[in-house]
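Naming follows writing order (A, B, C and D), and every chain is counted from residue 1.
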Amino acid sequence: MTFTAAVSGASGYAGGELLRLLANHPDIEIGAITAHSNAGSTLGELQPHLHSLADRVLQDTTPEVLAGHDVVFLALPHGASAEIAAQLSPGTLVIDAGADHRLQDPAAWEKFYGSAHAGTWPYGLPELPGHRADLAGARRIAVPGCYPTSVLLALAPGFAAGLLEPDDVVVVSASGTSGAGKAAKPGLIGSEVMGGMSPYGVGGGHRHTPEMEQGLGLAAGEPVSLSFTPTLAPMARGILTTATARVKPGVGYAQLRAAWEAAYADEPFVRVLPEGQWPATKSVLGSNHAALQLAFDDHAGRVIVSSVIDNLTKGTAGGAVQSMNIALGLDETAGLTIQGIAP
Amino acid sequence: MTFTAAVSGASGYAGGELLRLLANHPDIEIGAITAHSNAGSTLGELQPHLHSLADRVLQDTTPEVLAGHDVVFLALPHGASAEIAAQLSPGTLVIDAGADHRLQDPAAWEKFYGSAHAGTWPYGLPELPGHRADLAGARRIAVPGCYPTSVLLALAPGFAAGLLEPDDVVVVSASGTSGAGKAAKPGLIGSEVMGGMSPYGVGGGHRHTPEMEQGLGLAAGEPVSLSFTPTLAPMARGILTTATARVKPGVGYAQLRAAWEAAYADEPFVRVLPEGQWPATKSVLGSNHAALQLAFDDHAGRVIVSSVIDNLTKGTAGGAVQSMNIALGLDETAGLTIQGIAP
Amino acid sequence: MTFTAAVSGASGYAGGELLRLLANHPDIEIGAITAHSNAGSTLGELQPHLHSLADRVLQDTTPEVLAGHDVVFLALPHGASAEIAAQLSPGTLVIDAGADHRLQDPAAWEKFYGSAHAGTWPYGLPELPGHRADLAGARRIAVPGCYPTSVLLALAPGFAAGLLEPDDVVVVSASGTSGAGKAAKPGLIGSEVMGGMSPYGVGGGHRHTPEMEQGLGLAAGEPVSLSFTPTLAPMARGILTTATARVKPGVGYAQLRAAWEAAYADEPFVRVLPEGQWPATKSVLGSNHAALQLAFDDHAGRVIVSSVIDNLTKGTAGGAVQSMNIALGLDETAGLTIQGIAP
Amino acid sequence: MTFTAAVSGASGYAGGELLRLLANHPDIEIGAITAHSNAGSTLGELQPHLHSLADRVLQDTTPEVLAGHDVVFLALPHGASAEIAAQLSPGTLVIDAGADHRLQDPAAWEKFYGSAHAGTWPYGLPELPGHRADLAGARRIAVPGCYPTSVLLALAPGFAAGLLEPDDVVVVSASGTSGAGKAAKPGLIGSEVMGGMSPYGVGGGHRHTPEMEQGLGLAAGEPVSLSFTPTLAPMARGILTTATARVKPGVGYAQLRAAWEAAYADEPFVRVLPEGQWPATKSVLGSNHAALQLAFDDHAGRVIVSSVIDNLTKGTAGGAVQSMNIALGLDETAGLTIQGIAP
């Protein structure tokens, strides 16, 4: 059986990546492809890498155009998805790649986004404890942010196993520039970003912090507080997260390693690397895979976990397709690859 | 029906790319994976992006290990493939990703490689006139070089249509560093190549020149002479070729464009872009696709063709798999993607 | 004696590079720093690398603000410099980093720029035969384009020595993205340009072609025709030019090499590399140096010259400062470096 | 008065950067240039960016060759400098760019380097409290490591002012690949590092940790413990450090900012950026400048400081020249630039 899927926001990076994956998906037929200001253009003009879809014309992003598909992907700016979703049939699987439906706490949403909270949908990170069951049969799914995906995969096993102190988690992530989107901003032109690194949004104000604290808190069963610093790296894709947390008294390396290995032993898309091998973002480029390694810095009393994902694949569109597969009862790995493109 | 395939040279870039493609190929089961000095290592140590094959152990590259497969891929240094191929059954499909069996002229081989010519095998570039038929049912195939693939796809239509002068073709290509292989050489370390460009092997001595002249000459029906300058670009993958030839008297843009469009109208992996759109190597990253654009510089009396491929995919491993598909009677596109990974 | 210098267009890349060089120039005091839409901002906001000038406030680009300096640098859009220059004293040294005053042929200007020709000023490439004398004492100087600088340095010695055929010169250049300026355009954001190459403006229409043909024609003493293809490389700075021309009958490598070596034997900023060493753009990063190498492809009957410059230094601001030094009677190398920044 | 300087290790990155700076230094004449396995080569073969020194021949690194200079720079592997220094006159200024003489605690040296401690020399980071006075007139100087330079500049003001808790400092740094040296290692070739990030040496074992703890402890007047994770970024030069420490109870942003601004108010090479502007490694490329910004994450109770330096300039050779200037009584900024090369 083939399902039909519509993709909105198709001129952006998330939309382009969704189309790339769906074009190779054995159970999906791509229906409407929509955009806002780029409606009327061909996809070939906007996403020249999608050769087989080059002649498709982008339609307007309206409920009418999106209606009538089995699955609708929303890759829209903040605040735009709730209104459209409300006009789509409850039986349609709506997958929101934006932030609107990720947070459970309306106050956190309002603090960081400054608008009314749209509600909470099942959270599309099946590797977190209990989440896969929530996604089975769901008809509304919120795709996690790319930074939260990398941080939650890095630290959730330790919190779920009760090995980590819930306060004073410190995270520094380096992201490729595609995480900043496709809009042409002066600080993002190639001449400015190639060959250099810089931080941004430092100091607790990053919008992804509450999403990280929410997910880790659910795993821990108690509130978790976290300091997060994102940095911009001179690469188009990939996130390398360095996540550290203090371990509880008496916890040692063997316990830590066992907890992480157990958590991901049966996961198709997450791998704890053999000891001595550290993850590289290039090893997951274009794939839905996440690779992790952990160390115990007994000098500092901290576990240090390195995780890598492709921000556009496992961090956005791949995570969305994986969740779709679960919701529709398909093979969870359909249309997704485990191998990265390297070198 | 599933075919078994062995891959030698699995620790290098060509071998790694072959394994990446074969792991996703619906009709192939990967058998022996072999290497030379790295035999005994796991693939995960050497090709960390091939997550699903990480625990596979590399065997020695011997005829005994390679025997008993339906297909054997040889990704070996120059001069090593003939001896091994001779010890494999004539019914085994042997695909040589190296240079040994590409040239028809033994003298050209000996001039550029300094050793005895190993013989000529069917040439795995099905888009050239007549070549697809040669590959159907073949049991020995020579995979074209990456630079020749980009140059032949760029210019063959014009020569086949009799529109171009056969002398004084001028080609300048920019290649990603993976074309130089995985061996650690001082000039290839990241600090040296990032952020800069340089030429290499300039002045007619490049080993790929006779292969280009051979292919264009076959298309033209007369000898073609060519000046080729390769340059090294600060990117891991991709070739951008700028190929120019003088047009015959009276030939104009419309004729040129019609010839190129006709040549590739039915090709699944080659596309002449719409007018006004120029190809970018990123649009074909990881894919088996080639994209072209052409201009007629009437001031200079030259056609200028830009072509882009991924040197490891269409330029090596993808071309090999495409040829394998034809030889085995499979769908020519099986296991290969048309979409690139972008951005 | 110290001269005062004003820099207009200070928020762009050419303006920023001029300020970087002038801040280290022993004989120059920086006066007014001006911009258009960014007037009122501090330089630190716009050019964060110019730490010692961070608190300087940009003024409006008007004749009044620019007046009263010994030297005025114009780094303005096409068509804007003539009007301002006309309002500056004839005794002021006005150096135009834009294109307006480079071409001698009004018809060529009008064809490529579509506006009235502003006139011709002495051409600031002192390494061309006869040009240094024109610059001594000049009070109006046109700075060459970055591509023409790389092409003229590459080929002028052969034309001046009468060794090259004047028709059918073929040039392919790869430029860093700073050559495209600082304006945020969709195709120039880091995600699009990192890791890939693409051509642009192909087919004879490039605005720099007449400037190249003019300079080579002056060297040759007869008209030269040229096909030029620029490509965009994933690096912020640098131009690698591959320039080829057919040699006249009977000319061989020894004659070619002797001509190039003689042409640059006494030049402080141009070096023909020892045989066997090829130039790399990184070797001239941030410097006013150009490095060349040449080969004779006797198979094709062409000389192939590779040249590298930093497009913003020798290709723009460094060439401007070098010309200023000559015009003011200073040491030609004052304020300029010969060493590149590498790796 | 001109001083003569010898540079050993001239074929490596530190040696090359020393020569680049010394070639532009108004008070220094470059004497012997030495290497180990590359002795006998010209500098042009090994450091093609040092155009004005291209014909200089590298000599053997022996005390005899290095003797007779006013200044000797040692850029040698660990453990090699003590023996050579012992054979140079006590009146010669010997500046060790290696690690041998940085640590005060022999036990820490032996733990991380596994050899006998060579002794402690004045530490060449004049911006640390009290250090400039130690360098005046010194004849032996240990150049700090590049990571420690970035971390000490980031955090010392807060510890010196008594605002930070001495335990649980967490630091994550991203370095360009030149920090890993010029030796060709498989993991460092361009194809592997371009377009990706990876951590290395994670878990407390990094050799630079004791040097960081030593410097911060001296500033704090009590022991400081620190967790350090270095990562490798796809760029040739630059370090971005994200350094976080818990603030003492009652300390707020205003106090923090005042402490940092006061510490660097008179420093020629360190700048706390205006509020709202974050540092970028490209803004200090090739310069001896360091740029900082700080934020107070009151949610986490941590100060987060971002610092950028060029690892080869301020982090190695520039710091060495700055210390030399102080030791010889020259202008501290002689031969060094404050402006970075950007874009």
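Structure notes:
Please note the rule applied: a contact is a pair of C-beta atoms (placed from the backbone, for glycine too) under 8 Å apart; a residue touches a chain by one contact, two chains touch by 3 or more.
In this text, all values refer to a predicted model and were calculated from it rather than measured experimentally.
Of all residue numbers seen at the chain A-chain C contact, over half occur in both copies; the interface is built from largely matching residues. Counting C-beta pairs in contact across A-D and across A-B gives the higher total for A-D. Per-chain Cα centroids separate chain A from chain C by 45 Å. A separation of 35 Å divides the Cα centre of chain A from that of chain B.
Shown for chain D are the residues in touch with two or more other chains, namely 13, 178, 182, 191-192, 194-195, 234-237, 279-280, 282-283, 285, 343. Chain contacts in this assembly form a complete graph, since each chain touches every other chain.
In the complex of the two chains, the chain D residues touching chain C come out as 13, 16, 20, 23-24, 44-45, 47-54, 178, 182, 194-195, 236-237, 271, 273-274, 277, 279-280, 282-287, 289, 291, 337-343.
Remark: chain C residues 13, 176-178, 180, 182, 184-186, 188-195, 234-236 touch chain A in the complex.
Across the complex, chain A meets chain D through its residues 168, 170, 172, 174, 191-192, 194-200, 202-204, 209, 225-227, 229, 231, 233-238, 240, 242, 244, 246, 278-283, 285, 293, 295-302, 304, 306, 308, 343.
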